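The two complexes that follow have subunit A in common; it is paired with subunit B in the first and with subunit C in the second.
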Partner chain A sequence: MNGAEITQLFDYLFMVMLLFIGLAIIRLQNLFAVVMLTGVYSLIAAAWFVSLSAADVAITEAAVGAGISTVLLLAAMLLTSGKAKPTTAFRHWAALVVMTAAGAAVFYALGDLPVYGAADSPANTGVGMAYIDRTPAEINIPNVVTAVLASYRGFDTMGEVFVVFAAGVGVALLLNLSGRGKRGED
Partner chain B sequence: MNPYVVLRVVSKLLIPLIFLFGFYVHFHGEYSPGGGFSAGVVLGVGVILYALIFGMDAARKAVPPWWARIGMAMGAFIFAGVGFVSLFMGGNFLDYTALDPNRTYLGQHLGIVAVEFGVRMSVTAVIIAIFYAFAGRERTGDTAEG
Partner chain C sequence: MIEIIADRFTYAVILVLMMVGLYAVIATGNLVKRMVGLSIFQTSVFLLYIATAKVTGGGPAIFDYSDLAARTIPEDAIYANPLPHVLILTAIVVGVATLAMGLALVVRIREVYGTIEDDELSEIDHDDELKKGV
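Let's turn to the complex of A and B:
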């Protein structure tokens, strides 16, 4: 077994673990356990991203998914009940129909996707290769991801920052602009 | 005071390391995976961990809420500001080469560092602000309908 095959084995292992955690999240009624499992889900997803050599995404997923969103969900859970209401049988069947249709559509589209790790996939040809070719000459930093993110696609990234800013302003306006809750002045 | 001595001691050791890692992810982002977004998130997590262990009041003293509010606007402002500076120096919007007409790389590097700084500032501040907004609420507070 060479290295690539072992990493691919890990990919399958992580996918199976994600599937089972997803099933457990659906089955459980105890919201505390659900919140903890979503954190575990993010952590395993982060490990999977490392296995796929996407370390940037893995750092962010581990910090946002396993850290921040778990804490925020816990904080939100403390404000409500700790138990989920049991879902009715009709909603189960409706969800099953929707998921079957969506899954069938995904499987139908699967044939058009490039093979895993293919050298001639759209991501590895065209503009992606152009960035890799031009970064040493034009920007001269080793991390092409940073070059694309900050320089070639700087305008996109500015949009992302403004989206993050808008999210922060939105939450601050909805919940509490001062961020101080009901307590007195600090 | 928090009775969990192990948590307090371990987090006292870990929180500086988390911040160090956050700054490393930021400033080493040109050479290794990472950048403003990841670094901002890691720094935000450090503050949240501090707030969880030592309480909201201590966290508000360390990182005041007004800092988070100003930080998220300043980060976006810095990013757009770099774009306008390069515009005024004769380039296109966000064309960092214009920041230094003589040496191409220096302008690009300056622009990337400045922009990533803005990203990191905005992301950290937004995460802290959202956390403060959530954690500052109480169960029977102003959540009642009416």
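Let's turn to the complex of A and C:
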């Protein structure tokens, strides 16, 4: 068995684990378990990102998705309640109908996606590959993802910083983190 | 039919994961659990993007320093598409920002209403309307 086949086996393992965790999150009513499983879900997704050769995304997902998200969810859970009410039959069937309809639509479109791993798919032949060709001459750093993030698409990253800032201000205002003024009166 | 799905098996599994997230958002009335469902859906979308960027036999788009010194890359080198990676890096951080915002709203709702189950929330709202005599 060569390296690529073993990696493929790991991919199947990740898929099974993600599916089981997803189903467990749906079934569980204990919010602490749900939040912890969300962290595990992110961590396994990060491991899968490595095998999909997206090293930078894996690092970010492990740090931000599995780390900060879990802490945020944990804090929110502790400030609210630790238990969810069981799903009612009406909601269950309504969700199942919506899920089936949406699932049928995306699976109908599945055939139009390029074959998995194809080098000549439209997504993999355009500007993405041009970045690889130009980075050694124009930016001259080893990691192309960094070159695109910080240089070619630097404005995107600046916009991202604005979004994070806006969200930070929003959270601070909502939770009255400055401690001034009264709240909970109305 | 079978061949079409076999070639796109990874995408098919990721789409199923996405539907699991969608179900979790709709089926539960608990607002924290709903945010969890949203974040599962989101992670699945990230996986879909990254899976499209995968090129068979290719590694991450990171060069050797020796190649970089020559300011050129080897002809036979295969790399994964870096552009979706960059887009998803941005999306992960923005996703956490929106999650924080949503959870702050949930905490605020709990402070005012004393519950985070949406059927109880509608009941309280309904009673308030009745009291006001609408």
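Here, the second predicted complex is superposed on the first by the 177 of 186 C-alpha atoms of A that agree within 3 Å, B and C clash if a C-alpha of one lies under 4 Å from a C-alpha of the other, contacts with A are read in each partner's own complex, and residues count from 1 in each chain.
Criterion: contacts are C-beta pairs under 8 Å (C-beta built on N, C-alpha and C of every residue); 3 or more make two chains touch, one makes a residue touch a chain.
Predicted model only: the values in this text are computed from it and were never measured.
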- Note on the structure: Partner touching more residues of subunit A, subunit B vs subunit C, is chain C
- Task: Considering only the touch criterion stated at the top, classify A:F155 as touching first (subunit B), second (subunit C), both, or neither.
- Result: first
- Between subunit B (first) and subunit C (second), which, if any, makes contact with A:V64: first, second, both or neither? both
- Mind working out whether A:N143 is in touch with subunit B, subunit C, both or neither, as first, second, both or neither? both
- Task: Could you say whether A:L175 touches subunit B, subunit C, both of them, or neither, answering first, second, both or neither?
- Result: both
- So, does A:V164 touch the first partner subunit B, the second partner subunit C, both, or neither? both
- Between subunit B (first) and subunit C (second), which does A:A55 come into contact with in this model arrangement: first, second, both, or neither? both
- Message: Under the stated touch criterion, which partner chain does A:L79 make contact with: subunit B (first), subunit C (second), both, or neither?
- Response: both
- Task: Starting from the residues of subunit A touching subunit B, keep only those that also touch subunit C in the other complex, and list them.
- Result: 55-56, 60, 64, 68, 72, 75-76, 79, 140-143, 145, 149, 157, 160, 164, 167-168, 171, 174-175, 183, 186
- Message: For a test of understanding, state which residues of subunit A touch subunit B in their complex under the given definition.
- Response: 55-56, 59-60, 63-64, 67-68, 71-72, 75-76, 78-79, 138-143, 145-147, 149-151, 154-155, 157-158, 160-162, 164-165, 167-169, 171-172, 174-176, 178-183, 186
- Task: Would you mind writing out the residues of subunit A in touch with subunit C in their complex?
- Result: 4, 11, 15, 18-19, 22-23, 25-26, 31, 34-35, 38, 41-42, 45, 48-49, 52-57, 60-61, 64-65, 68-69, 72-73, 75-77, 79-81, 84-85, 87-88, 91-92, 94-96, 98-99, 102-103, 106-107, 110-111, 113-119, 121, 123-124, 127-129, 131-133, 135-137, 140-145, 148-149, 153, 156-157, 160, 163-164, 166-168, 170-171, 174-175, 183-184, 186
- Message: For the complex, give me every residue of subunit C touching subunit A.
- Response: 4-5, 7-13, 15-24, 26-33, 35-37, 39-40, 43, 46-47, 50-65, 67-68, 71-73, 78-86, 88-90, 92-101, 103-108, 110-112, 115-117, 119
- Please give the residue numbers of subunit B that touch subunit A in the complex, ascending. 25, 29-38, 41-42, 44-45, 48, 52, 57, 60-61, 64-65, 68-69, 72-73, 75-76, 79-80, 83, 93-94, 96, 104-105, 108-109, 111-112, 115-116, 118-119, 122-123, 125-127, 129-139, 141-143
